[in-house]
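First chain A sits with chain B, and in the next complex the same chain sits with chain C.
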Partner chain A sequence: MNERTQTSGLGFVGQSVTRVEDDRLLRGKGQYVADIEPEGVLHAAFLRSPFAHATIRSIDVTAARRSPRVTAVFTAAELNELTNPFPPFLMMPGLYTPLYMCLSDKKVRHVGDPVALVLADSRYHAEDALELIEVDYEQLAPVASIADALSVNAEQVWERADGNVLLDKSDAYGDVESVFASADRIVTERFSCQRQSNQPMETRGSVIEVDPETGHLTIHNATQSSHMLRWLTAALAKKESVRSSLKNFATNKDRRDSFIVAAKEFMAQNGESMQNQDNAGPKSQLRKDRSMLRHLPRTLFGLLGKDDYPTVMARDIGGGFGAKGPVAREDIALAAAAIDLGRSVKWIEDRVENLSDGGHAREEDLTVSLALDNDGTFRGLKVDLVLDQGAYPAFPIGASMATQIMRVMFPGAYKFDAFHLRARTVATNKGKYVAYRGPWANETWARERIIDVAAKALGYTPTDLRLKNMFSDQDMPAAMITGPALDETMSTKKTLEHAMQVVDIDEFRDEQETARAEGRYLGLGFACYHEAAPGPPDYFDSISPGAGTLGTEYARTTIERDGSIVVYTSQMPHGQSHETTYAQIVADELGVGIADVKLVYGNTDRTPFSVMGTGGSRGGPLGGGSVKYSSREVRQQVIDAAAELLEASADDIDIMDGNIHVSGVPARGVSFADVAATVISEGDQPFDATFGYTGKGDGGWSCATHACIVEVDLETGRVDIPRYVVVEDCGPIINPAIVNGQVRGGVAQGVGAVLYESSVYDTEANLQATTYMDYLIPTAMEIPYVEVHHLETLSPGENDFRGVGEGGMIGAPPAITNAIEDALGPFGARVTDQYLPPTKILEMAGIIDPD
Partner chain B sequence: MKNPPFEYHQPDTLEDAIQLLAVYGDEAKVLAGGQSLLPLMGLRLVRPSHVIDIGRVAGLGAISTESSGVSVGALVSHSMAERSEKLRTNAPLVHQAMPYVGHRAIRNRGTVCGSVAHADPAAEMPAVCRAAGASMIAVSSRGERAIEADEFFVGYLQTALDVDEILTEIRFPALAEGTGTAVVEVARRHGDYALVGLACSLTVESTITAAALSFFGAGSTPIRLGEVEQLLIGEEPNEAAFTTAAAAVRSSIEPSADVHGSANYRRYLAGVLTQRGLTQAASTVGVLA
Partner chain C sequence: MTVSFTLNVNGAATEVSTEPRRTLSDVIREDLGLTGTHLGCEHGVCGACTVLLDGAPVRSCLTLAVQADGHEITTVEGLANGDELHPVQQAMHEAHGFQCAFCSPGFMLSTVALLAENPNPSRHEIREELSGNLCRCTGYHTILDGVEVAIRALASDGASGGGDA
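Showing the complex of A and B:
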């Protein structure tokens, strides 16, 4: 049965309130980076390597510099003198993170690697000038695949790495050897996921405005993390010596005091989490590369010594899916050039650049062994994971972090006695790996695939084998074998049971049999998962000790003098509907309407600090909590002030529809404007509260089961999806329509992952999909209707929201690939690749041979 | 993705346009709908110094019927062709191909003649021209000539047009009595270039008297398979004949592989499309045995 529960009284939370953003966006009134054009701005274009792997013997920019429309040409020789290298961040035990600069000097490491920056009066002229630059390359053997990277004969992408392996880390839970020795069966398969690309509708872009008087930078950027960009630009874009930074710091009292205040605040929030950090990470970094000791002090003291940090402004953003989280080499190069020239600069990434180095993801090989007994009981799981991060690690959160989230989440909603995962990250000559909506998603794909493989081997139905091994309510409280605590919010089993009612499996099997007799091949696949959204307090530290530091979200609520309610969030919306859902939460807290609430985001001068910005399905549970509680404090402030005005006790004051009144006498109420006008005076703003929120304390799991029905056409290899069902449980829903949109968008990207999208490189590491003719995004014609069913499992305590941004994409690839394997059952097909284009389908069915 | 500099010309008459081409020759490109040319220029893969926009040239926008068939002028967009009753009745292959040509926005700007002059081997129109036995009217300052479709497509993106010639018109001959036609294709997504496609026709007087099989996406040009067509002549239009034809197609084409499909896949698919296309063509004239 549907467990929908009324959680919100008569408020806005829980209703499909119309999106506040849409009126502006649909009328073409959105404001994107490309819309910003400061007077006299210079347009940037990057010269990019045509080779995957080569040394640069020489570079000649004389002709380009002579071009009358060109203001400046920077190569690494100039630009790298101005900037600090990208430092290692979140150093993990066993990980080596290569340091790198904005532009490549001695060597290029992928097709598209930037080697020069041209600034001209238009993008056209900038691109013309790129053709005047002569670079003498000497090609090196490319490292084009995981197999290349693991080969001992391969050329090294990074000189100081162990071959091309940047991380090799094994973790074991339980007695793995004895569990595997005593289990009745061991089912092993190797799964391989192709490289994919996040592909937001809007590419990356940055406009750096320089104030001619003060030199202050205002950076308009399509970023998911405006504060990170601000700090990184301050840290990297203008190199200063340690000596001069210290001098500045020592002689500027304001700077010093504000630093001390900020540091105290940070430690108060994060001190406990910081103590969990061990120094194994920095040690393994230093073993490989001691240059960090030289660069880090200069970078950190540089931050202390600066009086003026840039302002980052992000307005409307056309999606990111993780790709706009990192601070990119281009971002720092542009800022350094703008500072050096004292001129505003603009760069809008084109689609070829975006497909090449705007962010790739998911390229992982996973060898999975599932140990189980003949009665179907899961005993143990062993995983050998290799991730292809491409050449340059993304900053701040590199690909290796994804391997560790995969480690923690791999066991999923199932009980195991033992678990082992070896994670390797390898470098290749490809574009950079970034987080992509559910960055750990391949743990779910590989686990849900091996379960189907095992079900077939043992003669169980896929659903029976899952149900038998899943945690259920009776097991709670419990813990995943990898650490994180589980409670009733981990309701994956309930979502599966519900999905089994929605999809009548017996009826489907009859239909499948009838269809097969007619030469039509139908298949049904299930996939189940739970995700940390935000997860329990021990979640981040299970991934990497000390990573909990990233967790806090801040919001500030104020009432302005005209009575308007302004909420400032550290979240960085880029398509998730924060302006609507936060207005719903705040309106309920303050007893006002949706239109009365204004959300401020993206402007670092006005919004509270956050390392991460938007990512990790945290906008609802954490960001939502921060706006809720900051608004609640302001509500009390307003009630206290109104109590005096109305000559009543604060306990008797009620607010409804913006009317602040003594309970039961709404006719004699006052408005927010009345109270604000009376109480707020110059220099006295009593309606102002900031709240930092790290979650309600436990649980925080978002769960779902996806069920997919496919029809495979064995004449064309095309896969049709006549029915797609999602049963999701993200706890109490703020806005059902927005949740449905998030789920459906995620499923659409999952359809793309399996049937259409591949950032494929050839054996020479040349990217083969550099335009939308070759990188295929599914359109409305290819995306099935997605039925979304909601369960709303509640857990004790307030602010029980759980995130829902990523799950759609986590569940879809396993559900679809499981369905395809089921459809091809009569041919004994085994799906081991995530990417199943028509050719692959016919090969798996044995209809054609590989070329 | 910004094009390199070029000089833009916008002649008002065909005379002016061919004079410009006579002067600039292979330094010039003719622009009609721009759906292929402009992206290629943006990628700097095509770098004309002169672009001659014929969009304002009078007299090139007509679809007209003649006793010998129907002709399509150089400025007829795919959308105009799609809506044309004259083409639907007199050159049904053009009409049948239209749903596969790009998307609505592309069909609104792109032209039939532009697609043929661009000669992408995976595009529908070149193969339709070969199946229908169309003639291409090429005009230059030296005069006008007709080039038969079988002679027109000489290689990947290469045609028999000389550098000073404009393709002003395509003439589709009248259909013989008892002729059925079909266009079938499989693409990765709706609107993409074909993995393989087939434009075909069958003329039936109790048995098959003429057949045309014109494949796209199966080689460096659209391909007519004369030998397979010969196999069909004299046969009854039935499943057995089409199955034999499909097998013959598979053994006679040599498609290449790309990121969207292997060579074996395309070969297999060409057979499937042979079966589907011929069945459909026969049923349009109600002769499927």
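Showing the complex of A and C:
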């Protein structure tokens, strides 16, 4: 197995080549953020609130400051004096985004809210000093649930919100009233999903290195979005007055010129999407809170006036699943402290902190009404969605963005005449809601559940009712009722038909009947979805006008003087194997081996800009496309130069195994180094191309059907999964082993979501799951073997790759919960919760009393 | 207060002087600079920090460094023989065992200990033995495959007289 040196003629794309990343990682030579230890670094520990909701009367850090091993203690008030607040980003119509500081000085809003920062010579000593800090809190009534948040009597988490509602937005498509009035039946159910947590095995962390000569910051950070962290740190970590910023900007011509160049480039790339933005978002914000008018100019002019932005360096990252996308409050606090002290600082989050505020997700209530005719035809869908975002909105992409992706994706692969969604985001005294692998996934869960409920009510099989209402190839081109265009890449129906061939339903029903006679309860559940990966060009703007600015990924391919091939990506890998898949793409483009390609990522001094970094299943289609086309441009540059060198027509030049030659005459070929030398000696530019890619212009859907068989043990309430099948279609596959790994990893998190994982709070908003003894990550004993079947639907045009990172987690919860309801059919059970631990299973079977 | 003792890690002896409360994982990572041992939960559940103590897997986050005095410690850095990967490392590579690989040192050391005790475990036994290590990326399938690749490699090495696990 030595595919990395396979000859290029075979084509690497499509092969399960082994991973380039493995050698350093398997030897223990990876470099994760905790492994970075600059000389003389100070170790940080944050003092965090023990109360869910309280005002701070006073804080006394005198004793902590006297501690001999402590270098500095910052109270929230001191640090907030040095910094700007987190601003609203991607303001949406109807949304109020509270502004907040890096630490909390007057009021704490969740257990774990940071109120002070200690820096000492070791983490042990920093944590010792935390115990010497006295804080006098006055407790407020906690807002512990969606019900609390919607109560008119609740204490307000954010003073300027409408009660605790931050977003209340309704959208209708089609004539909802008349469709619901004329439909034969309406099936309604309320579904509730518990709070879950992304839980990468590596927690968050940041090491901020200060250059003693220049004061330049180098931020080593486990981030999915290195450029966003760089810009936000520059914007927030050192507050400057507008006057001094403007003076700096006006007197520094280089700075002024480079800003104008950058602004022109940005507008050329994103102008169209920017024009789609309307003022409704900023208006919603300003109606609630005008302080943005004071803070934003200072923040933006501060960026203009800065000569030196930090460098962000992210190397190996131990997983993220969305949790490392946001810029953390701690990141800004640490940078501000490092700037103030002129000393390097290090913080590695511990697991208790991570379970408390490292990222929560999914806590949503959804009341769903499906209108349909007696012949099974879907007519309309109405959804009332309430999302619990916790206290502080994540930056830059808050929870409310998830509600709007849900709005667009809710109808799924089915035809509807009408659709209505009311989306509310509420604030509670809990840790922050972040994007978690398929952040909109509960639209699929609720839709696929209500379809099963309706199938039972009408006497259809779940698969027949789905097939009857799905878009098929004959319907294409079509559009979702919520806007986005559909083409043949939306092949969900084909994945369901294929799954029905893989799983013999009749045979299963026989087996189920036999088992029931023996007192064993088997169930079969299906779930179908499609996801935008990357989606058609109108996709982002249908979520939020102007969000298209998130859509571009960049790559730069260069051939260096010695002939080596270096590719720079704006993607930020954290387990997805970009170094392997991108090398496969580049090697095919340039006619070289995989080992000849070096990928550079994570260093903002060297990599092209991207707002998002890695997330949203964009690494394959968009990142992969940018890598492909920048390499293709470089190939042409090389061929043009080689044509001169070899005195041949460029059309006749071929490259194979790094040998650049006239077709048919490989013995007289030259190397990349040979060609590079001629170009450089002639004073030309080296081979170098940058490409920004937003997708190939249509389709871009990634689809799947999951089929799950469960066996429920009514003695213990335990659920086993004897068979799990995924039929997925992400178009042409770059590396099947890596795709299978993404699918299986997502399904594993879905198994955890349904059977094991809950970030449960008590009625006082105290988190009850702050260790891995309480928050149960499934082990090898709990995760079933997942069969993965691939369809590879092609669509016209090049670069047909579609993303696959999120789907496993989108399909698994509905497939498993549908299977469990099927298994408990004899008891008339109705699954309305996503979280089904053994006690809940036994309750649904009527074996134990819920009370 | 500090205590001084000798720590034997991967066949090399190092004099260590440390506060007695410091964990084996912190001393290995910070004092010895062997950062291949990872800390995932620091409360003994995730298994990322697993090292071998006289050949048996222990949680280095729950072990005090002083407790390792007089014992032989093996970390992930001690597995490969120069450029040549350990059969378990090579097997994990071939099987696409890991993704982010943060958990990998613990899994590989648990596997080395398992195969030393039972060179031919069943798939179920592998699952059971490795259930003390958490992975959030893979769904475990490829890790279990990797153990099976290692079993075959070690068996054929053993037949030809090689193998060191």
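Following the convention adopted for this analysis, the second predicted complex is superposed on the first by the 834 of 851 C-alpha atoms of A that agree within 3 Å, B and C clash if a C-alpha of one lies under 4 Å from a C-alpha of the other, contacts with A are read in each partner's own complex, and residues count from 1 in each chain.
Please note the rule applied: contacts are C-beta pairs under 8 Å (C-beta built on N, C-alpha and C of every residue); 3 or more make two chains touch, one makes a residue touch a chain.
Source: prediction; values computed, not measured.
In the superposition on chain A, A:E21 contacts chain C only, with no contact to chain B.
In the superposition on chain A, A:A172 makes contact with neither chain B nor chain C. In the superposed model, A:Y124 makes contact with both chain B and chain C. Using the contact criterion defined above for the overlaid structures, shared-chain residue A:D350 touches chain B and also reaches chain C.
After overlaying the two complexes on the shared chain, residue contacts for A:T779 are found with chain B and with chain C alike. By the document's definition of touching, both partners, chain B and chain C, reach A:T771. Of the two partner chains placed by the overlay, only chain C lies in contact with A:I738; chain B stays clear of it.
The partner that reaches more residues of chain A, of the two candidates chain B and chain C, is C. When both complexes are overlaid on chain A, the residue A:K29 reaches chain C alone and has no touch with chain B. Contacts of A:M201 after superposition: chain C is touched, whereas chain B is not reached. With the contact threshold set out at the top, residues 124, 350-351, 771, 773, 779, 781 of chain A are in contact with chain B in one structure and with chain C in the other. Residues 19, 21-22, 29-30, 34-43, 45-46, 48, 75-77, 79-80, 85, 89, 92-94, 96, 98-105, 108, 126-128, 130-144 of chain C are the ones touching chain A in the complex. The residues of chain A lying in touch with chain B in their complex are 123-124, 127-128, 131, 350-352, 715-718, 756, 758, 760, 768-769, 771, 773-774, 776, 778-779, 781-782, 837-839, 842-843, 847-851.
On the chain A side of its complex with chain C, the touching residues are 1, 16, 18-19, 21-23, 25-32, 34-35, 37, 124, 199-203, 316-319, 321, 348, 350-351, 574-577, 737-738, 741, 744-745, 747-749, 771-773, 777, 779-781, 783, 785-786. On chain B, the positions that touch chain A within their shared complex are 1-5, 39, 43-44, 186, 188-193, 195, 257, 259-265, 267-269, 272, 276.
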